[in-house]
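Both complexes below contain subunit A, partnered by subunit B and then by subunit C.
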Partner chain A sequence: MATLSPAVSDQRPRPGMAKPPIAALVLCLLGHLALVAFLLAWWREETAAPFAYRLLLGLAVAVGGIGVGGIARHLARHQLDPVRAFVPALLTLLFGLLALEAVLRAYAVPPGLWPTPSAVFARLWTARRVLLADAWQTFVLEAVVGFGIGVGWALPTALLVARCPFLQRGFMPYAAAFASIPIPAMAPVAVHMFGLGWPSKAAVVAVTVYFPVVVNSVRGLLEVDRNLLDLMRSYAADERTTFWRVRIPNALPFLFTALKLGTALAMIGAIVGEFFGATGQGLGFRIQIEAGRFGFDMVWAAILVASLLGIAWFGLIAGLERRFTGWHVSLRE
Partner chain B sequence: MQRTSLAGAALACAVAAAPAAADTVPIALQLKWFPQAQFAGYFVAKDKGFYAEEGLDVTLLPIGDQSPIQTVVSGAADFGTTWIADLLAAREKGLPVVHIAQVFQRSGFAMVALKATGLKDLCDLEGRSVGVWPSGNEYPAVALFRKCGLTSSLDPTVSKPDVTAVTYPFDPALVFPDRVDVVSAMIYNEVDQIVGLGYDLDKLDVWLLPDQGINLLEDLIFTTERVLAAENYKGSGLSGREIATRLLRASLKGWAYAVAHQEETVENHVLPVCGNTCMGSGTRADARAHQIWQMREIAKLYAAGATERGCPGFLDPAAYAASVQLLVDQRILSEAPDARTVDYGPWQEATGKTVEACRS
Partner chain C sequence: MRHSRLAAWGPLLVVAAVAMAIYLPLVVVANYPLAARTLARGATLPCDSALACTFFLRNPVLPAPNQLLGGILALSWPPGAPYALPLNAWWTAIETVVGLSLAATVGFLFAVLLVLSRAFQLSVLPWIVASQTVPIVALAPMLVVLLGRYGVQGWLPKAIIAAYIAFFPITIGLAKGLQSPDRLALDLMKTWNATTFQVFMRLRIPASLPFLFTALKVSTAAALIGAIVGEMSTISFAGLGKMLSENARASDVVGTWVLMLACALLGILLIAVVDLVERLVTPWRR
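Our next item is the complex of A and B:
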């Protein structure tokens, strides 16, 4: 294999070798320019744009969309450095936001139904202090602390279960069942037990994270290739060495899968938990209270903050996964 | 026999066609909460056939802690009941909702604290926590905080608020008195629930917000500009305005009956449609007793103001202006809503009365 790979990579087209997609670039530029021109012309108007304007706008969206698609297709054919590989996604985002802004303005969609992206970003800025405080409550106190508690309990449990066949038979079926409990069903119970503050949400998060981590870690510790165990025995390795050299590395990919799932579950648990009562802070509280008063600019700003935090957290765990399980089949080039 | 059977067939056709011609129009009215005596008038109008007399087949939709405006604007319901602050805030955000009748003439919104908390004045709330309901039900509390010159965690731009507003899922037992110092309570529902939890009225301070200068009008009937503008609403052959007029006529008839026959109304028209949501709390859990008490309190909110002057359902321009002024002063609205927000037409048609004759 090693001798073959240089030949393969030589056949791959290199960036800059193919002709740049002139047509796609022109269409993309035209679409963007038309959208910007419309936005400049219609920025201060509060009524719906006349039919001719909307027709042109539709055309601009179509043309620009084809252009962006063409550029993306062109770039997809090439192996790129991470920065340039990100261009299609960035271009799609920019174009999508411009098109959304223009269409919402052209049809004078009420902000109580769907705010424009510019209104959301403006709100994100004016409410930044409040959103930061909300994020501290929801992300740090509820999601991360709950996650920490859940994982902190799950790991010793998994080790214990892996050592005791009795627990594997008696406990694991329940753990698997509990892993599939829908969180909203538990949130009101937690609010009754732990009150309206952040501990009740952290408790919900801890419980929802706990079970998937236990289930996955136990599987990772037990489902070990027999050949590896035989090999260790042939080396006359003791239990402890086998555990550290075989079982733990084998469990890591399982564990990280559960941890990545856990970040999403933790964010959901924290936000949904706040819908059942909150002490005047938190992203879920903000979303609920502002949706009730049709302040959807604030709702989307809070959703944006929650999404960015969720993605960053997931990325962090995925990075750790690459660091610690880089030898694993799924991550090898 | 051939002839008879033909005639029979023709008759059958006629019978089948007749209801189609005089068919009732199916419409949905979105209530503001789960069934309870707060909506007695509508239950009576439906059960006693007042709606059917007007050619309407009305479905009364319950709702949990969302705004009725969402279902009406989305078209899932044709009409709805809500509070004025909720309606005007939605209107300011561009939703084309229109006020067509004011059923309750007084606010029943109260703040309750234990006497032991030692709150001398309702404005002494700095550093306190106050229980509020979300979904457009928090505006009276927001107006109170602002009137007292206090910021709260309900303000989206204040990071260190004076008052902590605690949201909870409506049942005061969840937060009061352990987790909040003061709790929102409707004079016709939660006040009795708190008493049922073992806090008798002599242990409680109860402040009615209208006595504190915050008289935001509550249960009203609204619809959308789209419904009122329809020439042939949902193919019924009736205009949207005509349907609104008929709905108001039957609903107000239902309300007049409900208020005049309170026990019978609760017994026959409220209790059969409600489940657990009609129950009180603790020692006052009994649904029948709780609803009869609620009906009495609701009757007081209905039989005030314009109703006393013989104009039930009338939105007194002075009361409306006062609500708007309060909402603008407390910066809940940025400006007074436009004139199309209120449409007196259906109410005038339904009652045969005029704005001039009924204004205070």
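Our next item is the complex of A and C:
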């Protein structure tokens, strides 16, 4: 998780570990226990909790929050390995979910307005078949296939443009302009051309992925250090050797940046594309239909599935990036 | 001067001409079967051969350039009409710009917290970064319904969705920007006994502006998507998203193409505006 938290904070950690923050740990534990106790006591109730309960709940949230913050502040003062650096984030998530669940139950917020986290997880389990079929449609058939087609077209285009200065001046401005077409504007056109099934959404995804990959790859192929080109010249290397030994490796980091951006764009394209017409399947279709009839537990479950798939895909590309461009400055420790 | 301008425009025009030269036969090929069928059914069309009719179909597979031009004219005049592109594009632009400003304001507060407190960074930053890979636009239909329940209606919920989408890249960009002054500059401020507030005002905030604008340019397109999806997911009375969903329901093919072009133009214009503001605000960069 170290890659997920680039160091932006100003405070410099000190090496070594001081004595554990007993007070913060106790407060954190107290807060969590109080929340769990309340949830156990109020699990089956449908009505809002009495005032005294809600007061205690507020106290528990405050105490637990201070405790979690204290632990984070304690850990922040030290040099951390990646696992321990992730503890505050994990604690925050756990505490946040518990507090949300407790507050929603204490005020008896109707599930049509804001479902409790437990309702979302329960829906995730009970609707797993539907959601898996949706994920297959949206993620595999639309996002991944579209991404593959888009990248498959983009790479030859980039190679062609990089070889041909005329196209650099004649094509690249259009590519940059096309990259700024909002995805939802393309979806109705694609749905009309390719029908309601998954190919129309794959087409939208392919077009949205195509332009950033072309633009970035061309930049990577062209923005090569002059010294390296001169060095290759002094080796009397021919065009092709220079291309394979200098230009391609130079383009890889640019390409991977575009691919990582492309995973997010592909998920957005597939989901938004389904808002304009689908065959009764797909995460975007599910989200739109269920939001329209206030089935927000299903909406959140679908969003959760889409997010997990998106993060896993992004992680896969980031892993490939580390594997293939590990020599690059940005990845060296 | 004239020569260099020609050198810049020449390739663009040639590529446009080639694209046109490919597009016209494509229109004929794509529309020919439909045109033949429509003629055989005896529909009244302003043409007599199937070949000529490929340019005049009511619902073509690919709209012909003359139809696109006609569609643009029909949808832009008068500019203030409720069905006209300029008025609707204006509302979508307002939503996007308000959303971006909102995102920049909240993002700035978060960025300052991130820079000042490592505890906050450890607790929150992983989720901010992870959420960048989440298709946040999926939240739009839900947010619109939810905000509507609390009485937030009109253009504001769309601006909030746009802000929500633009928020994460802007926050990360600003945090990096606030962090960008090098050690020496910070040490110099220290030797002058500057307070944290002064360091922010004199050093960190000016240093973060280029990062802010880079992030803004990235997130303008995303915010526009958010505004459009927001308009689609609820009852709207203005905006390109409203026009899109109306057109998709009516399946007016020429209209959807014209709208796509209009959305693209709006996206390009908004990014150009951000670029212009950047030049005005950070003149020392040029």
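To be clear about the criterion, the second predicted complex is superposed on the first by the 310 of 333 C-alpha atoms of A that agree within 3 Å, B and C clash if a C-alpha of one lies under 4 Å from a C-alpha of the other, contacts with A are read in each partner's own complex, and residues count from 1 in each chain.
In this text, contacts are C-beta pairs under 8 Å (C-beta built on N, C-alpha and C of every residue); 3 or more make two chains touch, one makes a residue touch a chain.
Quantities reported herein were computed from a predicted structural model and do not represent experimental measurements.
Judged by the touch definition given at the top, the superposed model places A:G195 against subunit B, while subunit C stays out of reach. By the touch criterion defined above, A:A158 lies against neither subunit B nor subunit C after alignment on the C-alpha atoms of chain A.
In the superposed model, A:Q288 lies in contact with both subunit B and subunit C. Contacts of A:F314 after superposition: subunit C is touched, whereas subunit B is not reached. By the touch criterion defined above, A:V204 lies against neither subunit B nor subunit C after alignment on the C-alpha atoms of chain A.
Using the contact criterion defined above for the overlaid structures, shared-chain residue A:P111 touches subunit B, although it does not reach subunit C. Taking subunit B and subunit C in turn and counting the residues of subunit A each one touches, the greater count comes from C.
In the superposition on chain A, A:A72 contacts subunit C only, with no contact to subunit B. Look at A:T279: by the touch rule set out above, it reaches subunit B but stays clear of subunit C.
Looking at the shared chain after the overlay, A:A133 reaches subunit B, while subunit C stays out of its contact range. The contact surfaces that subunit B and subunit C form on subunit A in the two complexes overlap at residues 113, 188, 191-192, 276-277, 288, 291-292, 294, 296.
Those residues of subunit A that touch subunit C in the shared complex are 1, 4-11, 13, 68-69, 72-73, 75-77, 85-86, 88-89, 91-93, 113-114, 166-167, 169-171, 173-174, 177-186, 188-189, 191-193, 263-264, 267-268, 271-272, 275-277, 283-284, 287-288, 291-292, 294, 296, 299-300, 302-303, 306-307, 310-311, 313-314. The residues of subunit C lying in touch with subunit A in their complex are 7-8, 10-12, 14-16, 61, 111, 114-127, 129-135, 137-139, 141-142, 145-146, 149, 172, 175-176, 178-179, 221, 224-225, 228-229, 232-233, 240-241, 244-245, 247-248, 251, 253, 256-257, 259-260, 262-264, 266-268, 271. Per the touch definition, subunit B reaches subunit A in the complex via residues 65-67, 69, 73, 86, 89-90, 92-96, 129, 134-139, 152-154, 156-159, 161, 164-169, 174-175, 178-179. Of all residues in subunit A, only 109-113, 123, 126-127, 129-130, 132-133, 188, 191-192, 195-196, 276-281, 285-286, 288-296, 298 touch subunit B in the complex they form.
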